[in-house]
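In this document, chain identifiers A, B, C, D, E and F correspond to the written order of the chains, with residue numbering beginning at 1 in each.
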Amino acid sequence: MTGPAPEWSGTSSDPNDEQFGHVVDRATVDAAGEYAAVLVGEPYDGAVIGRPGARDGPTAIRDALAGVKTHHFDAGPVARIGDVGDVDLARGSVRDVQSSLRAETARLYDAGAVPAFLGGDNSLTYPNVAPLLDRDDAGRVGVVSFDAHLDCREVRAGPTSGTPYRQLHDAGLDTLCVVGARHFETTTAYADYLDARGGSVLTAESVGAGVDATLERVRTALSDVDTVYVSVDVDVLDATAAPGVSAPTPGGLTSRELFALVRGVAVDDRVRGFEVVECAPSLDPTPTGRTAATAARAVAHFLGGAGA
Amino acid sequence: MTGPAPEWSGTSSDPNDEQFGHVVDRATVDAAGEYAAVLVGEPYDGAVIGRPGARDGPTAIRDALAGVKTHHFDAGPVARIGDVGDVDLARGSVRDVQSSLRAETARLYDAGAVPAFLGGDNSLTYPNVAPLLDRDDAGRVGVVSFDAHLDCREVRAGPTSGTPYRQLHDAGLDTLCVVGARHFETTTAYADYLDARGGSVLTAESVGAGVDATLERVRTALSDVDTVYVSVDVDVLDATAAPGVSAPTPGGLTSRELFALVRGVAVDDRVRGFEVVECAPSLDPTPTGRTAATAARAVAHFLGGAGA
Amino acid sequence: MTGPAPEWSGTSSDPNDEQFGHVVDRATVDAAGEYAAVLVGEPYDGAVIGRPGARDGPTAIRDALAGVKTHHFDAGPVARIGDVGDVDLARGSVRDVQSSLRAETARLYDAGAVPAFLGGDNSLTYPNVAPLLDRDDAGRVGVVSFDAHLDCREVRAGPTSGTPYRQLHDAGLDTLCVVGARHFETTTAYADYLDARGGSVLTAESVGAGVDATLERVRTALSDVDTVYVSVDVDVLDATAAPGVSAPTPGGLTSRELFALVRGVAVDDRVRGFEVVECAPSLDPTPTGRTAATAARAVAHFLGGAGA
Amino acid sequence: MTGPAPEWSGTSSDPNDEQFGHVVDRATVDAAGEYAAVLVGEPYDGAVIGRPGARDGPTAIRDALAGVKTHHFDAGPVARIGDVGDVDLARGSVRDVQSSLRAETARLYDAGAVPAFLGGDNSLTYPNVAPLLDRDDAGRVGVVSFDAHLDCREVRAGPTSGTPYRQLHDAGLDTLCVVGARHFETTTAYADYLDARGGSVLTAESVGAGVDATLERVRTALSDVDTVYVSVDVDVLDATAAPGVSAPTPGGLTSRELFALVRGVAVDDRVRGFEVVECAPSLDPTPTGRTAATAARAVAHFLGGAGA
Amino acid sequence: MTGPAPEWSGTSSDPNDEQFGHVVDRATVDAAGEYAAVLVGEPYDGAVIGRPGARDGPTAIRDALAGVKTHHFDAGPVARIGDVGDVDLARGSVRDVQSSLRAETARLYDAGAVPAFLGGDNSLTYPNVAPLLDRDDAGRVGVVSFDAHLDCREVRAGPTSGTPYRQLHDAGLDTLCVVGARHFETTTAYADYLDARGGSVLTAESVGAGVDATLERVRTALSDVDTVYVSVDVDVLDATAAPGVSAPTPGGLTSRELFALVRGVAVDDRVRGFEVVECAPSLDPTPTGRTAATAARAVAHFLGGAGA
Amino acid sequence: MTGPAPEWSGTSSDPNDEQFGHVVDRATVDAAGEYAAVLVGEPYDGAVIGRPGARDGPTAIRDALAGVKTHHFDAGPVARIGDVGDVDLARGSVRDVQSSLRAETARLYDAGAVPAFLGGDNSLTYPNVAPLLDRDDAGRVGVVSFDAHLDCREVRAGPTSGTPYRQLHDAGLDTLCVVGARHFETTTAYADYLDARGGSVLTAESVGAGVDATLERVRTALSDVDTVYVSVDVDVLDATAAPGVSAPTPGGLTSRELFALVRGVAVDDRVRGFEVVECAPSLDPTPTGRTAATAARAVAHFLGGAGA
C-alpha cells in the first residue's frame, strides 16, 4: 500500500449520530483480517475505454462515506471497518499495473481480509479477483458483476476496462453472473462468448421484476461455487442515478435496487471480496456529487451485509 | 396570516384547460372550513439542519401549481380550493416561531379547515400538528411522514428540522409511521427511540414492493388512530427526482410512487391536515425547477384525494 | 424526401462490435419495403405547444443511434435497416405542412415500408398515421401512444402538437390507447372526449404495476384492430429521464419501462409504423445529451422488435 | 396588439425600493407617444437559423425587468414607461409575419412612440425598422446593431433571422454599424457586401479597447444620419454571459460593456427605436436565468438613456 | 471562538509546492496579533435578504484555500497566517447575533490582530467593523466595500444583510467607498443617502477603465481616514464569475479585477481588517465550486498584500 | 500518423458560407509542407496532473472547427489547411510516449510543415517542440506559452503535464515567455527557476492592461530568438470561459483576449509550430461544449494569422 489511509472522522454535531467516519479505522494489511471488511483504494483509470476520471473515485467515495450513517433498519449498525489506504500503482502498461496490483491484493487475501476495493476502472477487477483463483481455500470461484456491460472483450492491444472477465476466465474463473446488462450495449459476439463460458446475464430489464426474484436468480447462477466476489461497475445504474461514469446509459437500475441487491449478495458467507469501480467524479455535472454519494452508499450496503 | 393570498390564474390559452390557477380562491381563515382544503404558506427555514433554501418553497410551489391541470383519471376534477396566504412569522428563536405558528394553525383547525401547508422546513411540523393533539374532536392522532429520515432527534439547543416528531411525541402524538426512510441515513439510537415509541418505519427499499402493499402497511400502522396528518418531506424522493433539497439522497421514492401514495392516504376521511416541506428551489440546479414542479404535483394529488 | 440520408458508420474500434452505424443503409423510398423498417427524419417543430426544439431531434437521434450496439439479449442482433433521409417540409401553415407530409408518408406505405419516423413535434403524428386510414389493406387502425398527454385538443386556430389524435379520430382512426398519461396533466374535457371515442388510458401510475401487465392491457385495448401504429412522445418518460422535452413532467415512465414496452408492442406483426417525437436536444441541459441517447435506444428497441 | 399588457408590480418589500415593476404602465398604442419609451413584446422565433426559443423572450425579459431597480448612478431614476403588450402575430410564412408586423409597428411610430421591442428572433428587425424608412420625418436612417453576426444574408427561400439588414438595405436603409461582430463567425462574401453598402464593422475584439473609444467610432459611423435605431442581438455577448441564445459564441462583449454601450447610444436624441432580440430562455441552462436577467438590464440601460 | 480551527494541510505531492495549507497555523485569539492576518470563520446567514446559503462559506473557502499556492509574482510567498476558527454564534435575533459577535471581534482587535473574516452574510460587517469605531488607536475609519449594492438600507424590522453601512454610519463610520456597484441595482433614495453621508460610489462600469485608475480613486476617497477596513461581497463579481451568491448580477467585476483591487488596497498599511461575505456554495450550480474557488483567491490576494 | 484524417465538411446550407469544414484537406506528412499549417491530433492525456479528459480534445476541437467560418475582418479568409490525422501513440510510460512522438513530430518539421497540434495534455509540448531544438535551420528557439501555470516542475517520477518546459530547457530551449500565469497558482521555487533560466512571466493580471501592450512585451521577450513556437494551454482562459479543463482557475484571460493574442503572435514569420492543449470536453458541464468551441476558435485565429 502507498501509505497510511486518511484519518476518518464524522461530520455530524449530534452525539447520537454514528457515521462511517466514526467506525472506520486506519488499518495495516497485516491486521486487515481482523475486520469484517477493509477498504482499499485503487486510484487508477489508465485502462478505461471511453472517458477517464475513475482515478478520482477513491477520494470521492471515502469523502462521501465518512458522513453516511451506520444504521440499516433490518440489521442495525455496521461493525468496525478497516481502511488500508491506497494501493501502490506501478508505472507502465496496463498489464504491468495489473500484475503489480495482483501481488498486493494477494497479500490482502493472505491476511484473511475481505477487501472492499474502491476503484478505479474496471480493469482492476482482474488483479482484484485473480489471487482468489489461485487459493486452495477458495474452491470454485464465481463473480457477481453489476454492470451495464459484459466486459468480456478479447484482449487485443493489452487489457482494458472491457476485458477483465475474459482475462479471469482464462485464469480459471468458474462462473460469471452479470446483473444489470443492457440490451443494445453489447454485441452478439460477446453475448455468445459468455454463454459458451456458462455465464449468466440478468438484464437490467429483468431486474425490474423485483429485487427478490433477482437475488433468487443470482443464487441459482452461483449455486455451484464456493467463493463469491461482488463487483459493482457504477454504470449499472441508470444514467439519471449515476451521471459520473464513462458512458452513462439509460435503462439501468435504480439506486434503490442496487443497494438492496448489493446487500442481498453481501450477506452470503461465501463472499470474499467486493469492489466498486468506474465512479468518475469529474464526469458528474451535479453540484452535490450524486454519483460518488451513491457509490458510497453501495459500499455501505456491502459493508453492512458483510458484517452481518 | 400575513395578508391576502396571491391572485391565482391559469396559464393555458385553451378554454377547455382547467388548471389549479382556475380553482384556487383567495380565502380567509374564517371561511377556510368551506373548502375541501386550504393552502397555507410557511416561508421559514430558520431551523434547517444542513443547507437552507426551503423558505422559498411556498412561492415556487404556488407558481408551479397554478399551471397544473385539475383532472385525475380515476376521480375527475378537483373541488375548489382556498388559499389563506402565508402565515405570520415571529422573529426570534425557533421555539418562538413554533410557538407563534401553533397559535395560527390552531385557528385553522378551529375554523374546520383541512390545511395543506406549503413549507418551509420540517421544524414546522410541530406547530402544524400540535393543535390537533389538544382537540377533543381529534381523538388519537397519527402522522404519516414521507421522509428519508426519522426526524426524532433529541431537542438539545432548541428545536430543528430534525426534531419535530420528538417534540410531537412529547406533546402527545400517538403514532408515527415513517414511509421512505433510507438505510444508512439515520443511526441506531433514533431507530430504537422510534421503535420504543411504537412507531413504524416503511423503508424506501420496502416501497419498491409496490404502492398497494405500502398503503396496506400504512393503514395497519394507523389502524388505531382517529385523526391522520400527512407530511411530505420532499427528500423522501430519490436524489434524481428532487435535487432541490437540503440533502439529496439516493435510494429514494420515485415521484410516481409518491404521488400515488399521497393520494392513497389522502382519501382516508380521518385526514385532517397535510404539509409538504423542505422544497428548496434555490438548491435545485435544473433550469426547469424540477423539485418545485414535483412538490406541486404532490400537493395536487393530496388535494385531489382530500376532495374525493 | 429532401435528399440522401447521412452516411452511417460505427464508432467502436473493436471489430467484434456491431453497432447501428454498421447496419443502417442509405435507402430510397422505392426500396424502403425491402427493410424490416426504415428511418425517416422529420425535423419540424412549427406546431409545438410550449418550448420548441424538437426540430433538432432527427440529427441528435441518428448521431446517438449510430453508436448503439445491435444485440438484444433475448433476440440477438437486429436486421439491416434503411434510412431514407429527411422529409421535405413545405413552408406555410401547420396544416400545409401536415398536408404535404401526408403525401410523402403515403409513398412510404405504398412502397410496403414500415417507417420509423424521427420527429419533430407531435403534430407530425397526423400525417404519419393518416395514410394508413385510407388503405384498403390496413383494415381497422389503432394507435398506441406513449405520452404524458392525450393530445386530443380541439383544432381551433389550426393543428398543434396537442391535436393529432383529434384530427386522426376525425379522419377515421378506430382506436387510441394512451400509455403513460399523467394525472393532473390534462383536463376532464379531454379525458371525457377520449372516453367517448372509445379510447383507453393506461396511466403512468398504472405502468408501475409492471411491464407485462401493461402489455396485456395494451393488447386488450387493441384487440379488434388490424393495423397498429406505435407513437412515442418522449415526454412519457419521467422528467429525470428526459429533461430535453417541451415540458418535462414528473411521475413518468422509467427508460427501462419504455424500452420494454416499445419492444413488447413492436413484436406484434400488425405494426405498420412507428415514431419518436418531441425529443428536443437544445432543451436538455445534460452535457451528455441524455434525452437523445434515450430516444435512440427507444428506436433500437422498436427496430429490434420489428425485425423479430 | 394582442391585448392589454401584463400588470406590472415590484418585488421588494422595502418601500424605498423603486423597481421597473413600479414605473411601467399598461399603455395603448394611441397613448404610446406620451412615454419616453414603450415596451412591445414580439414572441416570435419562426425565422430563426439554428436553435429556436426566442419566442419566450418577452415573458422572461418582462419578468426579470419588473424586479430591476430604477436608479442609474449618473442619471438618477428612470421616467415612467409604457407597455403596450405583445404584437399580433400573423400565421403563415416569415414574409407574412414580417408584413403584418410592419403595419403594427408603423402605428407605433405614427403615435410618436419610441418603441423598445422585446423579441423574438432577429428577423423582426425588418418590420421593426422598415416603417422608419418610409417616414418623411425620419430623414436618413441608420441602425446600430450589437450582434456577433452581420445578418446580411441573401434572401433565398424567404427571410430568416440572418437576413434583416439585407432586407432593410433593399428597403432604403442608409447606414448599418455592427458592433461586436466576431472574427470567424461570418464569411468574406458578407463582409464584402456590407462594405459595399457602406456599412461599418466594429469587431468585438475592437470593443476591448474601451467603451468610450467604441462610442466615438459609433458616432462617426452614424454622423450623417438623422434617425437612429438600436438593435441588440443578445449573442453579441460572450457565451459565458448569455448562454441562452441560438448559438453562444466566445470572444464577445461583457455585459458591462454592453450596458454602457447601449446607454451611450440611447442618449443620442436621434434614437427612435430599440430592440433586444434572440434571448431564448429555454436554451439557458443556468438555474437563475442569466440570459434574460442580462437582457432585462440591457433594456433598463436603454430606457434610462432614452428618458434622459 | 467556538473551538480550534481545522487542521490545515496541503494537497500537492510535489515537495516544491507551498500551499496555504502549509502556511496556515491554528491560532488562539490571544496569539492572533503575531500573524500578519488571522482567518476567522463566521458561518451565519440569518440576516440575508434573498436566497440563503452563505452560512456554508467558511468551510468552502477554507477547503479551497488550502490548495491555493502561496506565490505572488510581484511579491513572492505569503507570510504565515493564523486561523482562530469560527466565531460563537448567539441564538436569537439578528441584533442579538450582531451584538454578541461584536464582543468577539473586539477581542481580536484588542489582541492586535488583523482579522480576515470569512462570512457569512453581509450583516456581519456591522460587528466586524464596529469595534474599530470605538478604538482610540483607530482614528477616522473608512471602509472600502466591494459590492454590487450599497447596503445602506434603513433598519426597519431589524438589521439585514442590506443594512450594515447604515448601522455603521450611525455608529460613527467616517467614510464609505463602494466599488463595483451596479446601475439599476439600487434606488435613488439610497444613492442620495450615501451621497449625503459623504460616501463614494465607483460603479462596476467605471472599474472597466482599469485597475490602476480605480485604485487611485479609492485612495482619494480614503485620503482623510486613519484606519481602513476592506469588505468583499462576492456579488461584486459578475454573475458569470460568482454564480453562488444570493442574487447573481450581470455587469460586474471580473475575478481578475477583483484580485488586483483587493491586493491593491491590502498593501495600504492603514488596513486593520478584511472580510469576504455572501459566498454561498449551495447556490453555485458548477460542479467545481467556482464561487468558493474565487472567494478563496480573493482572500489569498488580501493575505499576500497584508503581509507585504 | 495513425491513418487518414477525418473527412471535413461544412455545416451551413448557405452557399456563401465558407467554413473550415470546406478548406481543410486530408493531407499526408510528406505533403504537409504545402500548406500554411497542418492540423495534427494528439489524443493523449496519460501524463496529466489532476483530472484527465484531454485525450478527447482532438475530436471535439475538429468537430467544432468544421463549423467555424473562415473570415477574419482584418485579413479576409484563411488559406487552405491540411489535416494529417492523429499521431500514433506508443504504449508504455510517459517517457516512451514522448520519445515516440518526438520522432513523428520531427518528420513534420522535416517536411517543412507548420504543425498545429491539437492535444492532449501539456506533456506533449516536449515532443512537439524538441525536434526544433535539433534543427540547424531553427537557430535560437523560444516558446510563447499561454498558460495559467509555469509547467517547469522537476522531473521526478517521470514527465508530467507539469514538466514540459523543464524538459525543454534541459534539451536546449533558449527562451520561454509565459503569458497568463496566475498569482497563487505556482510556488516561489518555480518562479525562481524560470527567472534563473531567463524566462519571462506576463501575468494574467498584466494582460488586463491590453492586448497591444501584451504583444509588445511578448515581442521584447522573444527579441533574440530565430524560431518561435506558440503553445496554448486552455486553462490560461478564465474558469468561466473554459470550464472543461483539468483545473479551471479564476483570474484568467477572456476568450477575446486570447484570440487576439494568438493571432498577434501567429503573424510573426518566425513561428514554426503551434499547439492547443488541455481541452477536456468530458470535464465541461455546459451542454453546448463551450471549452471546445473556444479552443477551436483559438486554432482558427492561429491558422488565420499563420497564413497571413
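As a convention for this text, a contact is a pair of C-beta atoms (placed from the backbone, for glycine too) under 8 Å apart; a residue touches a chain by one contact, two chains touch by 3 or more.
On a predicted model such as this, the values are computed, not experimentally measured, just so you know.
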item: Intersection of the contact lists for chain D and chain F; value: C, E
item: C-alpha-based rotation, chain B on chain C, 0 to 180 degrees, nearest 5; value: 120
item: Chain A-chain D separation of Cα centroids, rounded to whole Å; value: 56
item: Separation of chain B from chain E, taking each centre as the mean of its C-alpha atoms, in whole Å; value: 39
item: Shared interface positions of chain F, touching two or more other chains; value: 240, 254, 285-287
item: Arrangement of touching chains [line / ring / star / complete / other]; value: other
item: For the chain B and chain D complex, residues of the former touching the latter; value: 284-287, 289
item: Partner chain D, residues of chain F touching it in the complex; value: 14, 16-19, 68-74, 76-77, 210-211, 240-241, 254-257, 259-260, 286-288, 290, 293-294, 297, 300-301, 304
item: Residue ranges of chain B touching chain E (in the complex, touch as defined); value: 45-46, 51-53, 55-56, 91-93, 157-158, 282-283, 285
item: Contacting residues of chain C [partner chain B, same complex]; value: 153-154, 156, 162, 181, 183-191, 201, 203-205, 208-209, 238-240, 243, 248-252, 254, 285
